[in-house]
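Okay, so chain A shows up in both of these, paired with chain B first and chain C after.
Let's look at the complex of A and B:
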């Protein structure tokens, strides 16, 4: 760690991991409600538990991104963070907003929550991923603006590296695109149209820029490859993300009442959307292969390579499989969608945050460069447990989805939705088992933080 | 390869995205212009608007999909009007759906449950108006069949 203000990243990372655990617990609850339909009903209906699952997912990733930015930006800009105080203040504001929102979800009915928070004056609730009360959204927006200001000022006054600029572009995009979450016109189709400007353009455009920048930073640090070369790859990845991801939004506009021409544009650009993921994978492996030094943090290297591979499988492969309009006609809004959502989210975003934590946390905790060998062994175990079980979840749900499509949408005498779901219980049970293994992996991950032993020392890496 | 493909060239590839953004705006313009006709904008009555609010404030999308977007725990509702008409052989699906929502939950053991939302008569009627309006949107022939 070069600058003391990088330490503000620590509470962000700790909170992110805590909320990640919560996300998985609720994932297991809804996974069980899929097969035991009356489990916890009516205390915790499925919709509420699901909303908690996805809400926690989004907010722990945002915490992870913010922590990562606070760690990277001072080091890259070659100066202290503009205002560490603001960073800590915003951390608490964000966390309190998250916890109050969660309590609102869990303690009162959704309709009551909407009423209490004055949703009728500015209705933004009740849409997927955008369930938060309007006031929570406003707090999130304020935190995002304050955060971008803090990061932006640091970069503005310091060294402007490519990693910092790509990261900043992603973060500004994140804040600006969030504005569309506040637009909810009476015409539901128009609302659906612009909702994707937040959701899709986050996941498949600006968050990807953030992810690429984080990965580039970690790869540069652990491989010691020259910055020039890293920059070149980052330029190409940025261009590929923007040129495919923006019009790729079209793959959400096939069947929601928008014009038919989207079937062409969406399909064409989705077909090339795997390119940035492919380049990212080649990038990660090339950098590790041509590394000039041996960094003692082997776990971080594993996470970095894993991120690239699983993101490619989850987003590039599973996403592409359902992205062409004639196929999407059958698979739209089924378990196949869910399988892609899980593997892509885990691979691209959960794993990149874990990569960053793996790299930064030892230093934030005052260790030289890496955790002890024993701690790293546990961390690598958690990597494999989580990655393999999530891959199984995706495969099981893809299979369930394929059968669902067949019985419900393909055959001459289609079966009703509920009848089809009953035929799929065996897959849902297996998903639940895989989910439990995922939870074990996560517990091992948390334990790895508490394992002592001798730290690994500094190397010649980090010349950049 | 370092000399053939310089960093400056790599950076310039990013400008290609300007074209993409322009095209995105053009297509958006086209969409916004044709939507009123595709969704029958004239049918969005105050009652439909209220129904949309009831829909959102009770978080139906946390279990159901609406034209394929939402959750995959319970049946598609974009075409529930047609489906119920088909199942019951009635000319109006309204009374059946109303009754359905009012008698929830089924409390059938092990079966997935839908809560009771204690909706008023006005809210229920508005919700139905909303679902009826929605079922008439031109969604490029989706879903593939009545089961959604």
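Let's look at the complex of A and C:
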């Protein structure tokens, strides 16, 4: 670790992992509620548990991104962070907001929460992924602005690298596009139209820039490949993300009341949305092929390569599977969408944050460059347990989704929704088992941080 | 430490290796048939006369493309011929089989392309001949 202010990343990473564990626990609860409908009812209804599951997903990833940026930017800018105190203050503000929002979800009804938080004065609640009370959204926006200011000033006063600038572009995009979460017109079509400017342009555009920058940084450090080479690949990936992701928003506009031309634009640009993931995979493997295996942190290398591959599978392949309008006509809102969401979020974002934590945490904990061999073996086990089980989750719900489409939307006399769900129970049970294995993998990941042994020192890699 | 400057582009057969891997991927993803015809032409023209790296990637991608055709077209044809179009489980098997098989073939192509860009040879597991 080159700069002491990089240490502010540590609480962000710890909180991110804690919330990740919470997300998986709630995922298991809703997975069980699929097959045992009254499990924990009425204490924890399905809709509330699902809301907590997706809320935790977003906030732990945001914490991970912020921690990663605080670790990377000083090193890339070649100077201390502009204000470490601001970073710590924003961490606590964000965490308190997250906890209070969770308590609100869990302790009172959603309608009561809306009433208590004054949603009637500025109604923004009640939309998937944007369920947070308006006041929570405002706090998130303030944190995002403060964070971008801190990161931006560090870069402004220091060295400007391609990694820093791509990361900053993604982070500014994240903050700016969140503004559309505050626009919730009475017209439902308009409301849905602009909601995707936050949701889609986050997940399928600016977050990808952040992910690419994080991956590029880690790959540069663990392989020691020349920065110029990394920069060229990052330019290509950035261009591919922006060219495909922005108009790719169209695949959300097929059936919400928008003009018909979106079925063409959405299909065309969604069909090419796998390109950045394709390039990212070639990039990651090329870098490791060119100059592999000198860095002692083998676990981080595994996470980095895994990120590229699973992002390609989840976001690229499973996304394309339902992106074309004539196919989406049947698959829209089925378990096939859920399969894509699970593998894409895990591959593209959860894994890149875990990559960053895997790379940075040993140094943040005072070790030279990597954890001990024993710790890394455990971490690799956690990688395989989580990756394989999440792949099985995606395949199982793709299977359930295919059957759902057939019985519910394809046959001449479609079955009702719940009749179809009863036929899919066996797949939901298998999904639950896979989810448990995922949890075991996550527990192993956490345990790996507490395994001692002689830590691995710095090598010739990582000189950029 | 001195920065190691990698110049895989200087290895003989580098361009041919990348071209072969790109055509293999284009055959799977964008222009099926046409990309294979170009690969076929390259194979017969350069297989015995090109440097080691190019010849290796050419042989691998040519063999893998033929296997891809068999695995994706023939096997799927058999699945529908046996199961029929009106059975839901035929669709489940066909969708899962095609997705997994096609994705695996594309991933192998990505690894092959990454190796080619790095100036290294690559062996497609199970479906590639020895270089």
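Note that in this section the second predicted complex is superposed on the first by the 462 of 464 C-alpha atoms of A that agree within 3 Å, B and C clash if a C-alpha of one lies under 4 Å from a C-alpha of the other, contacts with A are read in each partner's own complex, and residues count from 1 in each chain.
To be clear about the criterion, a contact is a pair of C-beta atoms (placed from the backbone, for glycine too) under 8 Å apart; a residue touches a chain by one contact, two chains touch by 3 or more.
Values in this document were obtained by computation on a predicted structure and should not be read as measured data.
Engineer: One more residue to check, A:327. First (chain B), second (chain C), both or neither?
Structural biologist: In the superposition, A:327 contacts neither chain B nor chain C.
Engineer: Is the number of chain A residues in contact higher for chain B or for chain C?
Structural biologist: Partner with more touched residues of chain A: B.
Engineer: Please indicate which partner A:235 is in contact with in the superposed arrangement: first for chain B, second for chain C, both, or neither.
Structural biologist: first
Engineer: State whether A:106 touches chain B only (first), chain C only (second), both chains, or neither.
Structural biologist: Neither partner.
Engineer: Look at A:409 in the shared chain and tell me whether it touches chain B only, chain C only, both, or neither; answer first, second, both or neither.
Structural biologist: first
Engineer: If you look only at chain B, which of its residues touch chain A in the complex?
Structural biologist: Those residues of chain B that touch chain A are 5, 7, 10-11, 13-14, 16-17, 20-21, 23-24, 27-28, 30-32, 34-36, 38-39, 41, 44, 48-49, 52-53, 55-63, 65-76, 105, 107-113, 115, 117, 134, 137-140, 142-148.
Engineer: Hey, which residues of chain A end up touching chain C in the complex?
Structural biologist: 224-226, 229, 278, 281-282, 284-286, 289-291, 309, 312-313, 317-318, 321, 395, 398-399, 402-403, 406-407, 460, 463
Engineer: Contact residues on chain A for chain B in the complex?
Structural biologist: Within the complex, chain A touches chain B at residues 33-34, 36-38, 41-42, 45-48, 50-51, 110-111, 114-115, 119-120, 123, 125-128, 131, 184, 186-190, 192-193, 228, 231-232, 235-236, 238-239, 242-243, 246-247, 249-250, 252-263, 265, 329-330, 332-335, 337-338, 408-410, 414-418, 421.
Engineer: List the residues on chain C that touch chain A in their complex, please.
Structural biologist: The contact residues of chain C facing chain A are 1, 3-6, 8, 88-89, 91-92, 95-96, 99-100, 103, 106-107, 110-111, 113-115, 117-118, 120.
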